[in-house]
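You will see chain A twice below: alongside chain B first, and alongside chain C after that.
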Partner chain A sequence: MFVPDPFGLKTQFVGLGNFEYLLGDPYYRASFVTTAIFSSLVTVVSMGVALYLAILADRLIKGSGTYRTLLIWPYAVAPAVAGVLWMFMFNTRVGVVAWYLGLLGYDWNHVLDEAEAMGLVVVASSWGRISYNFLFFLAGLQAIPRSVIEAAAIDGAKFWTRFRTIVWPLLSPTTFFLLVVNVVYAFFETFGVIHTITAGGPQQATTILVYKVYSDGFVGQDLGSSAAQSVILLVLVGILTVIQFKFIERRVHY
Partner chain B sequence: MSDQRGMVQRRGLGHWFTHLGLIIGVLFIFFPIWLAFVASTVTQPEIVRPPMPLLPGGHFIENYSKALFAGVNAPVATMMLNSLIMALGITIGKIVISLTSAFAIVYFRFPGRTVFFWLIFLTLMLPVEVRIVPTYEVIANFGMLNSYSGLIFPLIASATATFLFRQFFLTVPDELTEAARVDGASPMQFFFHILLPMSRTNIAALFVILFIYGWNQYLWPLLITTDPSMNTIVMGIKQMFPSGDDLADWPVIMATSILAMVPPVIVVISMQKLFIRGLVDSEK
Partner chain C sequence: MATLTLDNVRKSFGATDVIHGVNIEVTDGEFIVIVGPSGCGKSTLLRMVAGLEGITSGEIRIDGHRVNEAEPMERNIAMVFQNYALYPHMSVFDNMAYGLKIAKTPKDEIAARVASAAKLLQLEPYLQRKPRELSGGQRQRVAMGRAIVRKPAVFLFDEPLSNLDAKLRVQMRLEIKQLQRELGVTSLYVTHDQVEAMTLADRMIVMNAGVADQIGKPLEVYENPQTEFVAGFIGSPATNFMPAGSVGVSVGKTVGIRPEHIQLTDTPTRLKARVAYCEALGAETLVHLRLPHGQLITVRQGGHLPLPSEGTDLWLGWHDAAMMVFGADGRRI
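Presenting the complex of A and B:
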């Protein structure tokens, strides 16, 4: 609620001025949209791939433990390190994937192209998250009683029908839980990925809210605006936490 | 069809497709790491002239020793030590604090108990990312920039761990508490001789999760360690890239990336059971 003077010598009380300014700032509103797109994409991609792999692993009689070991360890890789790895693969000068794309006639340049930058950040953020979602989906799937599924199979239900009518509804508590957790992850913990790969660019196309708190406060030195953004974020986290707890309470009654 | 799950399991072709799908998934997960590993064993010119080779070269020792003992801004060995101190500090601090606070909340009736409970609950809503500006001001005013205590203390409060231990303590039968009291044990004796040994697996499981959490911190070390010799390895990688158009020293950077992920990966793989347990417990 304070604005420092241009020389940082004294601060002036401005009340809600920082908030007013923020809400009128097109960049800040754009950052909201970016965050929404980014976190929904990360959630859908990482949960989709994880669910697919978990269903496959669940179909196996033997060996699902081996695949689990092979799939879980990216959880331990820091988002920032994952960012560096993906940036290396798609680097416009030395990246292998970018080079092969070039051979195919596609000119990859996430430093200039906003959609490509967003795509790369999403994939890099989802990558490490797959293992976490996979673990929970696999546990959820294995908790579904076999007898129910076998009964449906005897009644002639094909795989897709079984999945749609039995597995998916029974899995929904896990899915909902992961949904909330992944959105929280995409909101806050992906800072490392974004900072290493795009640093919010090009033209702020990947500046999510948390990144903006950092860049306005510590790069732009506008601490008042940054603090106001923190407060807005705080409200968002509060809402997410309440949703999460409501859900956990509901699950207790199962 | 000897297995009880055999009934809805497809045999033959479908079975192999299942494996194929999983192997593709595993390859997708592995590919970035493999590439990083390859890049850390070849020379700079081999990388700069694309496409880089897809099989490891013979410069493993050279690149890794260069990274470990020379680095770009600071030797990676120093950064790893910093990371280790920070990760252990956060982990142990969190466990000790949450154990004692859960003990206080579950076993004692004192004025303000509910208030404290809700205060702890509130910190659930305050990940570091949200409170960077105020936390930074506090730490800077304490003169704790570029120090281990500055790295560790702001991250130590943990509502999740406190709740986990609270849940666990609530399941400990009252008879045990009464028996201890009859035998004349003081509250702290009860804590050390009965509760602590009983929570051993919980502590171990939490240890795995928290160690990874601490090791992988990025934003906070980035803010408060301006001195390269205090950098942690995870944030130090980004600092190794030159500004402007200079060419990055890719083999050394990739060697550092591999080194940055080795300790947490070892922890996860070697303590897989505890890790999964900790993950499931701490999220519920």
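Presenting the complex of A and C:
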């Protein structure tokens, strides 16, 4: 609600001016779209992979610990470290993966290509979430009584039908919980990954809302706008959470 | 309608043998009860018939067709689980209709079949409820309904009544028996409760540590147990066992006498014992006596007879025919 003069000597009260300015700013609006795409992708990728692994593990194990432990370790790797790792692997000059892609005739350059940059931060952000999601999915799967699955098998349901009609509905509380947690994660905690890999670029292609708060506030020194963005972000997450919980109440019933 | 044959069926989990070769011929419409103590392999045997557990060796045939390799759904069986295994997120109707929907049964036929099963089981008012909104007995009926609507060739029951209270158990026992009579479906029923076994079975199989010790009609098994284990397991209170020598029998190792076959008298008969305590149950009285060397003997007598007072010495008498003599290997001689 305040705007400092260019030399930071005075601040001028502008009321809701910062908000008005923000909503008219095409870059800010673009950041919304980016955030929506980014968080849906991160949520879908990290939950999808985790669910797939959990189903495999659920069939394999009944209580044994080693396999589960093996799958926890990526979670222990701090997201930023994961980011660095991914950045090196895909580094346009020295990265292993980029080099192999080059051999295959694909010119990988996430520094210039917006889609590639987005793909990279999505994968890097999802990576650290997989084990967390995996553990919850696995616990959810193991909580489904075996006899219920067996009853369905006797009733004639094959694996995919059983999954669709029995397992998935019974897993829905877990799924919705993870959905909330992962969206919030994608909104806030992916800052480290984005900062190390792409720093929001190229051309703001990976500047999600939380990153914009940082870059406008600390890099651009527009603290007023940055503060307004924080407020919007906060309200947004609040709304999202409420919507999701309302949704849960209606959908998760048994 | 089907016959069921188990031909030298064995099962091992890794190195541990759980079922050591079971043979049964179940005729069409017969109600067979498998009874035995916990851990003897009853559930394992049933699950092998259902196709939920592999068969290590031997053969299972339904209507003469080998089903060892068949998936559960191809065996045309229905199973009622101990914990009912209802689909918690589906209504009673959907629980019962699930198998039919998967089999792509026409909608109106599903509705008709579920309706008639619901009528039979008095579930009509509850069709739209979820399992968690039902009592234990109602859930039990839904599980039965789910089995009935598919019109399977064989019913399998794994201790379906053990989660119910005593009174309901007696009531459901009767209902299951009537239902099975009415539908005439070949049934295999597992329980560790010998009263359930005695009342339900056309024939019963007494299992002991993975072996079918005896197969026969309930009363036949009761009156003529083939092994020491069966004599001890079937009948409540349990058979009294005494060393053969101590009761003047020269062959065999152990003699078993049922509590109701011993008479108590003041005049000398076979053995002297001191009354330890009595349990007056109304219609009958259980008298527990201690032999001179310390062993407890149980005698069952009519409730109209006077209660012997504790600490008095009495004589135990029985007819020769009441003695069941078992050899060192536990087999009847």
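Methods note: the second predicted complex is superposed on the first by the 235 of 254 C-alpha atoms of A that agree within 3 Å, B and C clash if a C-alpha of one lies under 4 Å from a C-alpha of the other, contacts with A are read in each partner's own complex, and residues count from 1 in each chain.
The rule we apply is simple: a contact is a pair of C-beta atoms (placed from the backbone, for glycine too) under 8 Å apart; a residue touches a chain by one contact, two chains touch by 3 or more.
This one's a predicted model, so the numbers in the text were calculated from it and none came from an experiment.
In the superposition on chain A, A:234 makes contact with chain B only, while chain C stays out of contact range. By the document's definition of touching, both partners, chain B and chain C, reach A:153. Residue contacts after overlaying the shared chain place A:145 against chain C, while chain B stays out of touching range. Annotation for chain A, partner touching more residues between chain B and chain C: B.
Once the two complexes are overlaid on chain A, the chain A residues touched by chain B in the first and by chain C in the second are 150, 153.
By the touch criterion given at the top, residues 49, 52-53, 56-57, 59-61, 63, 67, 69-82, 84-86, 88-89, 93-96, 99-100, 127, 130-132, 135-136, 139, 146, 149-150, 153, 162, 177, 181, 188-189, 191-192, 195-196, 210, 213-214, 217-218, 223, 226-227, 230, 233-234, 237-238, 241, 248 of chain A touch chain B in their complex. Listed in rising order, the residues of chain A touching chain C in the complex are 145, 147-148, 150-157, 161, 165-166, 169-170, 253-254. Contacts from chain C toward chain A in the complex involve residues 50-52, 71-73, 77-79, 81-83, 85-89, 98-99, 102-103, 130, 132, 146, 150. Chain contact summary for the complex, chain B toward chain A: residues 3-10, 18-19, 21-22, 25-26, 29-30, 32-33, 35-36, 39, 47-48, 50-52, 54, 124-127, 129-134, 136, 212, 215-216, 218-219, 222-223, 234-235, 237-238, 250, 253-254, 257, 260-261, 264-265, 267-269, 272, 275-276, 279-280, 283-284.
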